[in-house]
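In what follows, chain A forms one complex with chain B and a second complex with chain C.
Now for the complex of A and B:
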C-alpha cells in the first residue's frame, strides 16, 4: 500500500460518490418539499438507463444524444407519477406516499423486465485505455462521468439557490402554508420540481450504466447508498446529499486496504452512524426537518 | 356374539382395505415423473430444452415397453428459476399429481429449496445445480446431480492452469456459494499440486465499479486470474481491467464468459479469455442417438443446450434402475439401483432398450450417458468432462477437453 494506491482509491471513491450524488440529490429534493422518501428514485434511474439503451438501439445515436432524450422521457414519467399518484396523496401521512412510491418502483421494474427482458445490456460506448500518471490511473470514461455529474449538480444548485424557481421551492420546503399565503402557486412549481428530479435520476441511471451494466434491478440496488447519502448529508439539504455521497463512497474505498473489498460497505455505514451520533440532523441538515 | 361381531368387523375392514389396494394396483402400472425445469427466469434459455429432452426420454422408454413393467407418465411444471415458485410447483407435483420423482431443477437455490420437500416425501430428485452444499444436505441419498459441482469446476480450473503453464494464479469470487465454491475448489486442487495462490478477493454483488478490487488483485502481479463469477459482474470487472491496461490471462466459468460477454465488451477485450464449461459425452452412441432425436424435435442440435443431455440421462438412468429393481418396486428400491445401473462394472449400454435387453439376460449394466459417462460418487454426483474454450476474434473456440477424477 503506497500513496499511489491510496490516490487511486481516492479517485475511485470520488467518482462513485458523484454517481451516487445524483439520485441522492433527487431524493432529498422530494424529501425536502414533498416530505416523503421517494423509493421509486432507484427505478427512475433504471427507466432513464433503459430509455437511453432503447434510443441507441433504435436510432444508433451517440450516447450523449440518447442520454438527453432519456432525460426528457424520464422527466415526463416522473412528472406523470406526481400528477397521478403523489399529488393525490399530499396531506396524508408520509407512509402512504412512501408505500405508493415503493409500488411505483415495482411497477416500473416489472414493466422494464417484461418489455426489455432480464438480460444485461450495455451502452454502445468505445472503450479507452486509462491514462497513467506514474501509477495513478485515470479512465477517460470516468473523467467524462465525473464532469457530467459535476456540471449537472452545478446546474441544479444554480436553479435552487439563484433563481426564483429555487426561492419558491425553498419557501415551500420551509413552510407550505406560509408559501401559499404569500401567493406561490404550488402546482406548476411541483411539476417543475418533478421534471427536474426525473431528469436528474435519468442522468444518474445513464452514468451508472456507463460504469456498470444496465439491468432491471440496477436502480433498486443503488437506492440504499443514495438513501444513506441523503441521511448523512441531512435530509432535505441538496448540498448535504452531495457531500454525503462523496463522503460515504470515499470512506468505503479507503476502507479496502483495512477490511478488504467484501466488507467495505460496512465501513460506510459506520461513518453514517458516527456522524449521526455527533450530529443527529446530518452534516447540513436543520433540526426542524428531522421531526 | 362377540366372536361373530369380530368376524363381521374384520371382514368389513378387509373389504375396506381391498378398495385402496385396487387403486394401488392400477397406479402400479405407471410411474409418475414430475419435470420441474426453468421455463421462465434466468434459466429460461435452458429449461424448455430440458423439458423437451425429458419428454423424448419418456417416449423412448414407453416405446420400449416401459420399465419394470410400468409405463412412465410425465407431468411438467415451470420453476421460474425462483425458489418460492419452485416450491409451489413441487408441492403441486407431489400432492396433486403424486409424482414419484422430480427431475430437472437447474438453479442451486431452486434445488436447495425443493430438496427438503422431495426428501420428506421420500421421492427421487435429479438436478443440474452446482452448489457443493447439495451433496452434504442430501442425507437420504435420494438426490442425484448430473452436472459437475462448483468444487469440481475449481479442480478443472487447476488442471487447466497446470496444462497451460501458469505459475502465479490469483482468484476473484462473487460472494455466494457458487462463486466461492469455484475458487475454493481451485485453491484446494492447486495447493495439492504444490502451487501457491498469489491473492484472493471476494467481492460483493451489484457494485457500480470493481476498480479497488482489481487494484488489490493486480498488486499481486498474477499471470492468470481464476474467477467464480456471473455475467454482469464479469462484464464490469473485465471492462475496468482492460481500461487499466493489465495483461494477465483469465479463466472464467462458461456461464459468465459466453457470447453475451463478447457482445457487451467487444472482441478486443475478450481476446484470449479461457472459458470453461462442462461438455456432453460427445463420442458416445447415446449422445448421437439423443442428438438426432432432439434435433428432429426442436430443430436445434443438442450442443446448444448441455443441460438437455443431462435431463435426458435422468429419465434413462431412472428407467434402467426401475427395470433392474423389477416390477412393483418401491421408490426406495428403485433409488437403490441407480448407482448399480450407471456405474462400472457392467456391460456398457447406450440406450434404454439395450439396457433392458441386457437386464433381461440378468447381466449387470453400466449406462454410458449422453451427458457424461454417468458414474455417481457416494454423494450421488456425476462428473462430466470439461471443455476448454478460448475466445479468439470474438468467437469461443474449443481447444481442449479435460477430465478430472475426484
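Now for the complex of A and C:
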C-alpha cells in the first residue's frame, strides 16, 4: 500500500465517520436521557432514507428538499415511538425497552420491505467525476456529504450546549429527579429530544444512501458500528460519539486492505468488546454509566 | 399430515431447547443474551462439519455442545464487567460477527453455498421413522433439560443464580462471588443452544449462513417472554406458542391473497416486531409466568 492509497482510505474513513456520527449521536442522546440503547436507531435511518426516496420518486423533487421532508417524517415516527412505546416502559427493566426497540426496528424494516420491495435503490443525483490530485481522489458528492454531516453535527452541538433546551436536557440526563424538582417539564422536553433524534437519524440515512445504496437492511447494518462508536467515545458524551465514529471508521477503512470489506462489522464488534474490556468509560465518558 | 406434524414438532422442540438455554441465562440469572443464534449456528456447523468427516453423530452432538459452550467463555467473562444493556449489544454484535465469519471463511464452511447433504439422524430407519425417532429423542432431551432446570432452580446453586439476577450487590455484600457462576450459566445455556443447532443441522440436512440471522435470536426471546421468563413452564409453552405463531402465518398466506412469498416474509417479520412490542408493553411477565420478579 502506497501512501496515496493510505490517504484515500483515510479520507473515505473520515467521511464515513462523519455519517456514522449522526446515528451514534442520536443513540448517545437517548442513552444519556432515557437510559437504554435504542436498537431501533438503525431502522430509523432506513426510514429516513426511504422517505427521501419516496419523495423523490413521487414528487420528482431535488434531494435536499426530499431530505428535509424525510427529516420531518422520521422525526414524527421517532416521537410517536416514544409516546406510544418507550415512555410507557420508563422505569421498567432496561431489557424491556431494548426488546421493544428491536421489535420496533423489525416492524419498520418489514413495512419498508413490504411496500418498497427489497431491491436496492439510489437517489436521483447528477453523476460527477472525482477530482484527482495526483492519485488522491475526492468525489464532490462525498465532500457534500461530509459538509452536510459536519454542519448538522454543529447545529446539534449548539442546541445541546447553547440553548435552554440543551441545558434542560443535560439536567435531566444528570439527574431526572433533580431536574423535575427544579421545575423542568419532562414531557415536552422528551418529545423535542425524540423529534431531534429522529431528524438526525433520517439525515444519517439519506447521507448513507448517497454514499452507498438504499436498502431495507442498510440501517440495521449500521447499528453495531454506531453502537461501537458511541461506546468508544464514551456513553452519554455527544463529543465522544463523534470522535468515536471518526476513529472507528478510519480504523475500519485502514483495515480493509488487510481483511477485506466484509469484515468491517466484525472489526466494529472487536473494537466494541476491547473498549468495554480495557476502558469501559470510553474516551470521553464516566465509568459509572457503564457498570 | 403426520410427516408435517412431526416436522413442526421437531422444530418446536428445537426452539424449546433454545428457550430453555436462554431461560437459564436470562430467566434465572438475568444475563441478557441477544446472541442466541451464534451458539445455535456454531453448534450446527460444528456437528455438520464433523459428520461430513465421518465422525459418528453422537460424538458430533457432544462436540456441538462443547464447542458452543467454550465459545461462550470469553463472552461470559465479558458479561462480568458489563451492565445488561451493554451485554445485549455485545452479544448481538457477536452473533453477527459469527455469521459473517461463517459466510467469509469458505475454506471451512463453504461460505454462502452452505453445507448440503448432512447425514440425517436415524437415517437408516427410513424417512418417516427417522423423523419420529428424532422427535422422540428431542422430546427426551427437552424433558431432561426441563427437569434439570427445575431441579437446578430449586437447588442452593439455583437460588444463588436467582439471587444474582435479583440483587447482585447484596449477594456480593454477603461474601459470595457471583462471577464464576455467571460464566458457568452462560456456557451451559450456550451449550444447550449448540446441541439444538446439531439437531437442526441433522434434521434439515442443509445449513447456510442465511439461516442464522438475528431474527432467530428474537424468535427465541419472543417465545420466552411470551411464555414468561424465569419459569420452565414459560419457556416450554412460550416456544409452542411461537410455533403456532410461525406456522399460523404460513396458513394466513392462503387468506391474504395477492401477497408474494417475499411480501409474506416481510409481514411475518412485522408480526414478530409487533408481538415483541406488545408483549413487553402489556404482558411483561408472560402468559404463563409467575408474579412480577
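As a convention for this text, the second predicted complex is superposed on the first by the 267 of 291 C-alpha atoms of A that agree within 3 Å, B and C clash if a C-alpha of one lies under 4 Å from a C-alpha of the other, contacts with A are read in each partner's own complex, and residues count from 1 in each chain.
We adopt the following convention: a residue touches a chain if its C-beta (ideal position, glycine included) is under 8 Å from a C-beta of that chain, and two chains touch if they have at least 3 such contacts.
Keep in mind it's a predicted model, so treat the numbers as computed, not measured.
Between chain B and chain C, it is C that contacts the larger number of residues in chain A. Legend: residue contacts after superposition of the two complexes on their common chain; A:104 is shown touching chain C, with no touch to chain B. After overlaying the two complexes on the shared chain, residue contacts for A:137 are found with chain B alone; chain C is out of touch.
Judged by the touch definition given at the top, the superposed model places A:118 against both chain B and chain C. In the superposition on chain A, contact of A:8 is made with chain B only, not with chain C.
When the shared chain is aligned, chain C comes close enough to touch A:85, but chain B does not. By the touch criterion defined above, A:212 lies against chain B but remains apart from chain C after alignment on the C-alpha atoms of chain A. In the superposed model, A:265 makes contact with both chain B and chain C. Across the two superposed structures, the residue set of chain A contacted by chain B and also by chain C is 118, 260, 262, 265.
The touching residues of chain A, counted against chain B in their complex, run 5, 8-9, 12, 15-16, 19-20, 118-122, 127-130, 132, 137, 139, 141, 208, 211-213, 215, 217-218, 221-222, 253, 256, 260-262, 264-265. Those residues of chain B that touch chain A in the shared complex are 41-42, 175, 201-204, 206-209, 211-213, 215-216, 219, 231-232, 235-236, 239-240, 242-245, 260, 264-266, 268-269. Interface residues of chain C facing chain A in the complex, by the touch rule stated above, are 26, 32, 34, 78, 81-86, 88-90, 92-94, 96-97, 100-101, 103-104, 215, 218, 221, 225, 262-263, 265-270, 272-277, 279-281, 284. Listed in rising order, the residues of chain A touching chain C in the complex are 36-37, 39, 85, 88-89, 92-100, 102-111, 113-114, 117-118, 224, 227-228, 231, 260, 262-263, 265-266, 268-270, 272-273, 276-277, 280, 290-291.
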